[in-house]
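In the two assemblies presented below, subunit A is common to both, partnered first by subunit B and then by subunit C.
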Partner chain A sequence: MKKMSDLAKKEQKLAYKLLLPTLIILILIAFYPLGQVFYTSFTDKEFASSNETHFVGFDNYKKLLSLNIEELEPILNENGEQKIDPETNEPVYERPIDVLPREPVRYKEFKVFNIFGKRYVLGATDPYFISALGNTLTFTIISVFLETVIGMIIALVVNSNFKGRGAMRAVMLIPWAVITVVSARMWEWMLNSNRTGFFNILLDKFNLADGQIAFLSKDSLQLPSMIAVDVWKTAPFMALLILAGLQLIPENLYEAARIDGAGKVKQFFTITLPLLKPSLAVALIFRTLDALRVFDVFQVLLSSKKYSLASYNYFQLIKSREMGMASSIGVVIFVLIFVFAVSYIRLLGVDQNAN
Partner chain B sequence: MQTKIAKIGLKKIGFWLLLAVIIIYLAFPFYWAVNSSLKTQAQLQMTPGTFVPRDPDTMEISVFLGNYKAIFQNGEFLRGIVNSTIVATATTLLALVTGSFAAFALGKLRFRGRKPALYMILAMTMFPQVTVLTGLYAVITTLGLDAIFSMILAYMLFTLPFTTWVLTSFFKDLPKEIMESAQVDGATPFQTFRLILLPLTAPALVTTGLLAFIAAWNEYLFALTFTSIDPEARTIPVAINYFTGVVARQEPFGETMAAAVFVTIPVVLLVLIFQKRIIAGLTSGAVKG
Partner chain C sequence: MFSKKSSIVAILLVLMLTFSVFAVGCTNTEQTAGDAEEKQSENNNSNDEAKDDEKVTITIAGGAVGNEYELTKKGAEMYEKEHPNVNVKVLDTPDLADDRLGLYLQFLEAKSSKVDLYQLDVIWPGDLGEHFVDLNKYGAKKVTDKHFEHIIKNNTVNGELKAMPWFTDGGIFYYRTDLLKKYNLDVPKTWDELEKAAKKIQKGEREAGNPDFFGFVFQGNSYEGLTCDAIEWLYSNNAGKIISDDKKITVNNENAVEILNKIKGFVGTISPEGVTGMGEEDARNIWQAGNAAFMRNWPYAYGLGNSEDSAIKGKFDVAPLPHGKGSPASCLGGWQLGVSKYSEHKEIAADVALFMTSEKVQKMRAVEGSFNPTIPSLYEDEEILEANPFMGELKDMFVNGVARPSAATSPNYAETSELFYKAVHSIITGEEKAEDALEVLELDLQDATGFETGEPTKSN
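For the complex of A and B:
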């Protein structure tokens, strides 16, 4: 009996020894830096500067997240009617810069919009951050949705029996394995703003556009371009994960359904989709968390034309050298991802299925 | 009868059509990159761009290999390949060694705190790397690490938890009797691990190693940040982003595409050779995770 517990003690000791290197590495690169980031986010620390660092409380977060809405009053002429701009024929309103508060921090114009015939301006103390947040969320929702749909289609096609199925599965891996920066540059050239770019050639051939579309400079086309690149790269990966789930579904379920006279569509909704839920849930979590921290495509293709949260974080650190500010962006990303992960796991019930 | 055959035929045609669309969708960007990499600057500026490299005057097919020659004279690009190889290889080895230690403990040994340790590793696989960017940068500048070593260490953030997690489930699945019989023969647990269990996990090691290698080979955010003060240490993704041609004065898209094609070839080969392993690793990491 005594010997057994000696052995158990030895085993325990060995286990701790074996875990030690992993623990040290994770403390050094994850836990300590994470603590540091949380702490720094409450200071005005600057990178590589001799300025003294002060504790500033929630100032960084306030600066990132403050929003303000003000009404823009119409500007009247001598007769008490609204002035009309003689050049554009548009009615004239106050300028946003005149109405938005300046103290204690200046609000900048983020968006001007009309409700019930009145004009308002949405001001933000850091409009770049607010738009980075909006861009990241829009990017995440649309691209994950499209990837799931396209991935599902690809998976269903590849799951049926045909010659060359193995080769097809290998081909599907390639976009996933290609360096993201490389695929971004490949798409940059395809999206080129004249008829040397593939998409402009195509649109011009079918007379859908003049062949001069600047996909990466035009504000309304920037996000769709990012989504297109990302969907191309990750939909096949999604398809592989879904495919693995599909292959776990027993074939005899479909046979039984066929005997009962259920059509293909009905089979999909009553058998495939419910049984696919666990694999789909995991794939969705992985992809969503990945999309929320998107960096590569935004940094390569848009640089500082339009930010994602991660690329704005990088910009604040490297270009502006605002370590405190960058840290608070990091914390916001952390919280966002944490909230998404927890709610996803709750919503889809992954933890029950995992065991 | 005839309508039924026609219906089946139609379905088949529809299926192959769909398959063709999928293949074109997945492969076309590569084709366009290869096509562009074989064009001269003049051919690249032709409007509309051609689907095969053609001579601007005679419109006959004419292939140009100068872009490939140029990238091999580009010191930055070659250095990028060397740096990437060093970083990705070292990352893989370090992740496999430390990861398999931890995985053996988590999968086969009994000790207090096993459950929390397992949950911590699982939670770490979802850790957002960008959050610690500033903190990690501070750690690295305080320790005075050089860029290459910093990248290797930082890449543990996404390779180590994943490797540990996948290997743990692999160790768990190995029959208990192996360990017991080794113990009876007088082997210490660590000897059992090194001489008996590790060889048995070779397939899982190859799989996780490949995935770690590809992840490290692709990484951009840390590489861009850590090499911002040390351009000599740039890895391929950073080098390709900063690509400036030797020959062309404009954006050297021909050379960029040649570089893109060139660095993609080894990845494609790896994927084609190890596709079954990679798919198994990806799905076991995700489905079990």
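For the complex of A and C:
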């Protein structure tokens, strides 16, 4: 490495000086609260209470993340065969509540599953947290995937030449411009569980349902509803980012491809997609991080019926008033997002493009 | 080396992005509180604040269910008229008690002086008492014996009166007089009778051309309101009230299983599938549009049901809720006014609290909004009885209502209730079997409170 010239050194010093105010502000508004949350996560601090706070080490994390798998033995009748429940005609196994350990901490049933004809129960010390984690990951993966596909389609359409393209581009952004809480309320009305709700009217008109579908209370429909709301809202944002990427691709590449006889599909996969990778990566990172910390949609539409990580965090803070526990959930979300972000950068090679 | 550097930069950037997640954990606190403040100032633009700099401003955080907000505002104006140098603002807060608690906690954790008076649920004095002044020291002593004794007792924590009773509440049963007559039915007295009557009316009304008609609506969402509804179901079937007064966990018993399975059977038959997502206002909207034969709700729906734009004006009446093996139960509700310890004008705030809970204002609220007074003598007031004929009949019901176990479990009531309503919700949505859910609930309650299990109190 070459030795730096005096001028370069001077410039470097100046750069550091100019960066100093930013750094101070960052420390004040970012690192201080961040550190505070990390610290609180190791305590049993109670929210809005004068109770004394104690340092509890990793207890909060243990309580959130402990899992346990136990096998459920079949229950046999006198002949040594497995008992069959006369009501449901299902074979009878031990009950999870009798099998899962209770001391020193109690494991609660999270899920019962079968592998190779044997039945197991997955226990967790905090099943709500584990299911919040599952909900958030499912929500993130499906919604980001759909948003990318739909966003790509929209971007390709508004990137082509047609009359009214400018207006189209503006209109497309409306869902994204609406505040999430407002759009969530709007969707709440549309998803209403009787014929005052848009979707129930629609399904009823086509005789597909009786107009009484409870989208927001039925377990199997809750996550799909959340995903629908999120895709509606953020596909335009995805489209915008992809559109920006599309416009960076020089037109002459397509011309050359046409002369060489490449079809539209081939053009897309050999020119558009590879050259779009950097913008796509940025868009994906943005959306994934956003989706992982989803709060407003879940809070407004499902409240305590089903949690995302962030809304579970809120409920720990407000309902249980366990600020220490809430902080450790915050830290878990932080770590999760960090892992996602770093792996995106590695996989899609964003930092090489920075050069 | 360059690429290494840039990857560090990239990671730093990521750190910044990820950091924003803490918005939920901590910053959100201030944000939501800030939002509410904005809302508050918007609400009060009509009061010309610019002129009166010397005026003292007292802010009440109150409810906005039905016409509650308007009436609180009206009470505030009455006070302003008598005390021209005081400006009383009303901050409207979320409808759902859980959300409201969330907002309050944020103000209280910040020791904010922005709100002087808080409207407190009957279950909160125990859990939140440390943030409120002893009103006995501010002249409440003279008036406490005018109010119902059981509410004053509920609001007194360690000998300190934490809040003034403002209005009391109890779950009541609404029924359509016209439909009972049309189908030649009596007012249902038991859950079985309710189911039968609801089925009959629902079938008839649907055949008559209203496919949206349902027999019975109640509060089935996963929130505090479900605790109220469910404690009525349990108590009316001799299944106790979750935790008894002598601190025994009584919820896991056969009678509870029986009645919860019965209610589960209502969902999707005489009650809409969506009832498991309904709060007070959702149920009232269906009822008031004329799309339900029966409803469980609080008394506030009485006045609104008889308002000009109501489809069922003059076509309904109220009665005690149906019962099972026991006697009818009404969950004790109601709201109080407490003065924040962090208020800058505690004297004036306490005076406003005493004024708002006085006979005069309580009467106005009873006549115009069917808010049940906490002053027994008002139940004989002619104007009130004319507006709310049910108040006289159901007075005993309010007095002998079933209290949620907030005193026995304090300061863990919020957690207790959450465990309970989540368990009940999982039963009535069919996610869990009643037996299993109650057995798990019993263990959960043992963890949360440390109490022993015991036999439920019988209601008859």
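Definition applied: the second predicted complex is superposed on the first by the 323 of 355 C-alpha atoms of A that agree within 3 Å, B and C clash if a C-alpha of one lies under 4 Å from a C-alpha of the other, contacts with A are read in each partner's own complex, and residues count from 1 in each chain.
One rule holds in what follows: contacts are C-beta pairs under 8 Å (C-beta built on N, C-alpha and C of every residue); 3 or more make two chains touch, one makes a residue touch a chain.
This structure is a prediction, so every number in the text was calculated from the model and none was measured.
> Just to be sure I read the superposition right, which of the two partners does A:P224 touch: subunit B = first, subunit C = second, or both, or neither?
Neither partner.
> One more residue to check, A:S304. First (subunit B), second (subunit C), both or neither?
second
> Touching A:P33 in the superposition: subunit B (first), subunit C (second), both, neither?
A:P33 sits against subunit B and subunit C alike.
> Scan A:E109 for contacts with subunit B and subunit C and give back first, second, both or neither.
In the superposition, A:E109 contacts subunit C only.
> Counting only touches as set out at the top, which of subunit B and subunit C does A:S50 meet: first, second, both, neither?
In the superposed model, A:S50 contacts subunit C only, not subunit B.
> For A:V342 in the superposed arrangement: first (subunit B), second (subunit C), both or neither?
In the superposed model, A:V342 contacts subunit C only, not subunit B.
> Quick one: is A:R321 in contact with subunit B, with subunit C, with both, or with neither? Answer first, second, both or neither.
Second partner only, subunit C.
> Please name the chain, subunit B or subunit C, that touches the greater number of residues in subunit A.
Greater contact footprint in residues on subunit A: B.
> Identify the partner contact of A:R95: answer first if only subunit B is touched, second if only subunit C is, both if each is, neither if none is.
Second partner only, subunit C.
> Quick check on the superposed pair: does A:A214 touch subunit B, subunit C, both, or neither? Answer first, second, both or neither.
The second partner, subunit C, only.
> I'd like to check the shared interface: which positions of subunit A are touched by both subunit B and subunit C across the two complexes?
Common interface on subunit A, subunit B vs subunit C: 30, 33-34, 36-37, 47, 192, 194-195, 211, 285, 289, 292-293, 295, 310, 313-314, 317-318, 326-327, 330, 333-334, 337, 341, 354.
> Inside the complex, what are the residues of subunit C that reach subunit A?
1-3, 6-7, 9-11, 14-28, 96, 98, 101-102, 105-106, 108-109, 128, 130-131, 211-212, 220-223, 272-278, 286, 291, 414-415, 418, 422, 425, 429, 431, 436, 439-440, 443-444, 447
> In the complex formed with subunit C, which residues of subunit A make contact?
So the residues of subunit A touching subunit C come out as 1, 30, 33-34, 36-37, 47-50, 95, 97, 102, 106, 108-109, 192-195, 210-214, 216-219, 285, 289, 292-293, 295, 303-305, 310, 313-314, 317-321, 326-327, 329-330, 333-334, 337-338, 341-342, 345, 350-352, 354-355.
> Write out the stretch or stretches of subunit B touching subunit A in their complex.
15, 18-19, 22-23, 25-27, 29-30, 32-33, 36, 44-49, 98-99, 101-102, 104-106, 109-112, 114, 117, 124, 126-139, 153-154, 156-157, 160-161, 164, 189-190, 214, 217-218, 220-221, 224-225, 228, 236-238, 240-241, 243, 253, 256-257, 260, 263-264, 267-268, 270-272, 275, 278-279, 282-283, 286-289
> In their complex, what parts of subunit A are in touch with subunit B?
Those residues of subunit A that touch subunit B are 8, 10-12, 14-16, 18-19, 21-22, 25-26, 28-30, 32-37, 40, 47, 153-154, 157, 160, 162, 168-175, 177-183, 185-187, 189-190, 192, 194-198, 201, 204-205, 211, 232, 236-237, 240-241, 244-245, 278-279, 282-283, 285-286, 289, 292-293, 295-296, 299-300, 309-310, 313-314, 317-318, 323, 326-327, 330-331, 333-334, 337, 341, 354.
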